[in-house]
């Protein structure tokens, strides 16, 4: 019974985070800081997925930028078309041929419903195909990491190299409205923040449920002894695939919300460096803990903003040093501080008791 | 080696060979494993015992045939073989250290559940898991992470996992190696208890254990079946004595 | 004790209600008739200082170019402060790092405008950074001064473009080539918006001039090696190579060019992003090749002599001066001129002054004049030939300043349909 | 004919460059499992060494040759420092080295940006390299032949080191079974450190070669690091011959695809092909076989 209650304890944490994000933050933060927080929340969504795939499933996904881009570009294309109005084509396309019809793959993104569907469906399809091939062929470890990173580079280069269709390296920008709401209105930006934060909380709830479910146990089992899982009658490929796909969807949703928040989507936000940046937050926070990835991503985002405001030009030394020190000193990330602290406390207490009884 | 192969639920191995880069680790093995018997596989190191089991459980590729319940096992992937009712343990006990004893058993029991139920947390302890905990004597340790268990307890846990996954054929690889005398006796008892309606095949070096518990012994040497029969028959077999004579110095076999 | 709890409760309740309202109804939709007014400016210039924001990449890949621009802005601010400031107020520069990351540019611009409440912002380099800043500066009705030559076809009431637009750099370069009797031209560029746009324009104009384009190659921005593409140049034997490559990929191009045995004697290059700073980093004597800019360090004028001398004294200077640096330097002086003509730091008043008065500055490159309508600058176009000391000798000049024409309205060979569509899209 | 010759030769030279850059990784990543994201910055260190050498020794004809061993030592020393301060804490968790070395790479890049002219520095090609060789009508840059020879030299030296010296045997023993190697009296700490020295040193040599074809500025490393890792992985960990073939194939196919399409699309195609290849041969071209469950 107590263990059952214990498994609900994280819900309290999630609730606390939800209150902090949805109630406290809008009340105390300026529009600027709230918008920054919204951006970090997008990264945090990606991070929750990485926590699932890497922390729990042992798959170092170094190319989450691919899925981030799927969501972001779906959203970006929709918002771009919404901004140019019925029948218009994006500004960057006019130069090449003002009368050219919209490329066929853009056309359906005029529909908001289609866009929202694609934000979820596209990563599911892509991750399933990729993951099926990768996991069935038992590609893992560093091979898997480098392979996914190569995909992020390939996609970033593809986008840069197809400037006529994607806006290339400069990306998509100049959005004016988000599903009919003008982006300039501060109230609407708060609305977007609320949606983003809610989605993040949703991702956390999904992660929490997956972690406590039998699937979660099986995923950890697969991480620690993949071949052994086979002898339980499961194909580890399928277990990893599910985690990979869920992580991909979270990255895609994060990417989709990123676009209305920052107002520009370019390959730079999803290339190899960006993908490593996603991982950095997760590692910093603690990859296997439920809250580790979220807190890590929020911390890295916040750290980047504040450090660079404090020391423009030299902040990168501080951030770099932080990465080094945390990896060396705290293998379990910041989240492990909590368990370490608890362990220390318990030891202190027991020694107190001993002392008292002596 | 009589009518065992006629048993309707027997696992029949015919002409099974395994080769690594031209080296024949197992060659042309014919053997049948039937329910209700404790069947021991013995033989010197490198005789091909583990490789035989590896081939039967999909870990290495083998040629020939191995049929169980009307299914050909060779060529199936490991997890399919497990789903066909054939399970195994490993020389070095492989349990999931981070998970508790209960969780280990619970995920092992999972293959009989529909896949979508995986999305939900465990509610209560399934009857089969409780029963298995009882049988392997780990009920008190159910909430301990498997990583802290003693060596013997891990082996029992592995057997328990086979029980909950309801393996009809169990291959146990050197289960009692490194166990204390008491633990061995307990393990023997356990195998007897669960072996009544199952096919249990044990790879073993400890001849005392073999003598005390074996119904049938198959001796392997250099990838081939050397002899098969009761403990007494095997001990009387000249070929077996010859193979083991060179090894008596090591104290492995002392009649 | 009770009191504080009460306050806590009411704050929570208020926040909850706000959250509910937000998620249930949201703000203005695009269907709403009245456009939402820009948030009220928080700029406070009542004291004897004025805050200005400098937004450059000091870290990341673009820092190689933007760090110098940042330093130049600081130098200009120091100079203006030394001579009494703007409207008598001393400039307090606030530096932010764009970190070669476009969302960061947007974030920092918003921070500068709403938290630091700066009166104007200066910086950016890549088109992406400008496009990231544009919606922010428009939303808050701020000011952004962009100092780099770019692909044109853009305008904003909140951005002043102090570098060249295409008709002040690309088109004069084509006129120069025509005057040289060039018949065939090879286009080499980065796979990026500026080279793509520039080359689209070059191709249109070349057709009119009767210059034949014998090849067109693009390489990704982060790819160094040009050997395979240069082999194509060798084969095509053009009279000239028009180089629109951005940033450090220029080095790979130039090295591959000399590696392949090409030289300015047979196949000279004309570049639009190699200046005094970049030339020595090429790792080869590039003398004999050409570049099209508005400013060269070799321009003889008192203003330029002072600019160069000041720069060489400035701590952390890069030794030489270059066009983007000079455009950044000018931008601060143009801003000072605008404010003082408007008599106010208010953006709307500044924009009105830009239209009403003739805003000029005796810049190192010569007298420049602001176009109050399109927020670009009239500039003299110059072609310089690189000398062994990596300075440029001016071999051709438009003579008089060319009026900025970002939409190429005055060029009949530019398709009207494209222009109209672009102007319409810009609103 | 010459339309095939040019991409083939260019691609081979690019492949050779990629190979030198990847050789060091094949050691530190392939043999030790360390994901050193700062390897790219070690390339940069080599390139900067070439520049500094040129400042000190006026004769560019000589300085580039001198720069090769100096760059090896400079980058190697950086590698040893990295190993001794950061990597050594993480041999039990090699994937974690990724994040720590990303931090190191960030710091090194910014340091170069701040300490050297931010626009980058020019490494001058010596006159004796400024020629072309006629190959079936294609004026092949001599510099490319130099790169290929340099790759050959690095490769031979490394292969000889691994095969014929006792140190080489110690490396292989450590890689195959660290615990066993220790009981046999191999100082695995020393082996780790020397492996890192050699691997990083090779990056320095590659950096000198790169300085002859590309910009020597803070972004140099990031341009090569991903491709280098990909080559090592596609070749198969722990196998030099795999790395060689992979580097050559990547170089030549990139050159041909560049010839037929554009530079961007070529890069996309090659990366995707390698990814597909890795799904067909998930352990790369060649692998060291191991027995056992995991």
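To keep things simple, chains are lettered A, B, C and D as they appear, and every chain counts its residues starting from 1.
To be clear about the criterion, a residue touches a chain if its C-beta (ideal position, glycine included) is under 8 Å from a C-beta of that chain, and two chains touch if they have at least 3 such contacts.
What you see is a predicted model, and the numbers here were worked out from it, not measured in a lab.
The most central chain, judged by the distance from its Cα centroid to the centroid of all protein Cα atoms shown, is A.
On a Cα centroid basis, the chain most remote from chain C in this structure is B.
Between the Cα centres of chain C and chain D there is a gap of 37 Å.
As a whole-number value, the distance joining the C-alpha centres of chain B and chain C reads 74 Å. One finds 33 Å separating the Cα centroids of chain A and chain C.
Inter-chain spacing, taken between the CA centroids of chain B and chain D, is 49 Å. Under the contact definition stated at the top, the residues of chain C that touch 2 or more other chains are 59, 191, 218, 220. Chain contacts: chain B has residues 59, 90, 94 touching two or more partner chains. Shared interface positions of chain D, defined as residues touching 2 or more other chains, are 110, 222, 262-264, 267, 293. Looking at the complex, you find that chain A touches chain D at residues 60, 62, 133-134, 137-139, 141-143, 145-147, 149-151, 153-154, 157-158, 160-162, 225-228, 272-273, 276, 279-280, 283-284, 313-314, 316-317, 319-324, 326-328, 331. In the complex of the two chains, the chain C residues touching chain D come out as 59, 61, 63-65, 67-68, 191, 217-220, 222-225, 227-229, 231-232, 234-235, 248-252, 255-256, 258-261, 277-278, 280-284, 318. Interface residues of chain C facing chain A in the complex, by the touch rule stated above, are 11-12, 14-16, 18-19, 22-23, 26-32, 35-36, 38-39, 58-59, 95-97, 99-104, 106-108, 110-111, 114-115, 126-128, 131-132, 134-136, 139, 153, 191-193, 196-197, 200, 218, 220-221, 415, 417-418, 420-422, 425-426. On chain B, the positions that touch chain A within their shared complex are 57-59, 77-79, 82-83, 87-88, 90, 94-99, 103, 106-108, 110-111, 113, 117-122, 143, 161, 165.
If you check the complex, the residues on chain A that touch chain B are 3, 7, 209-210, 212-215, 217-218, 220-221, 224-225, 227-235.
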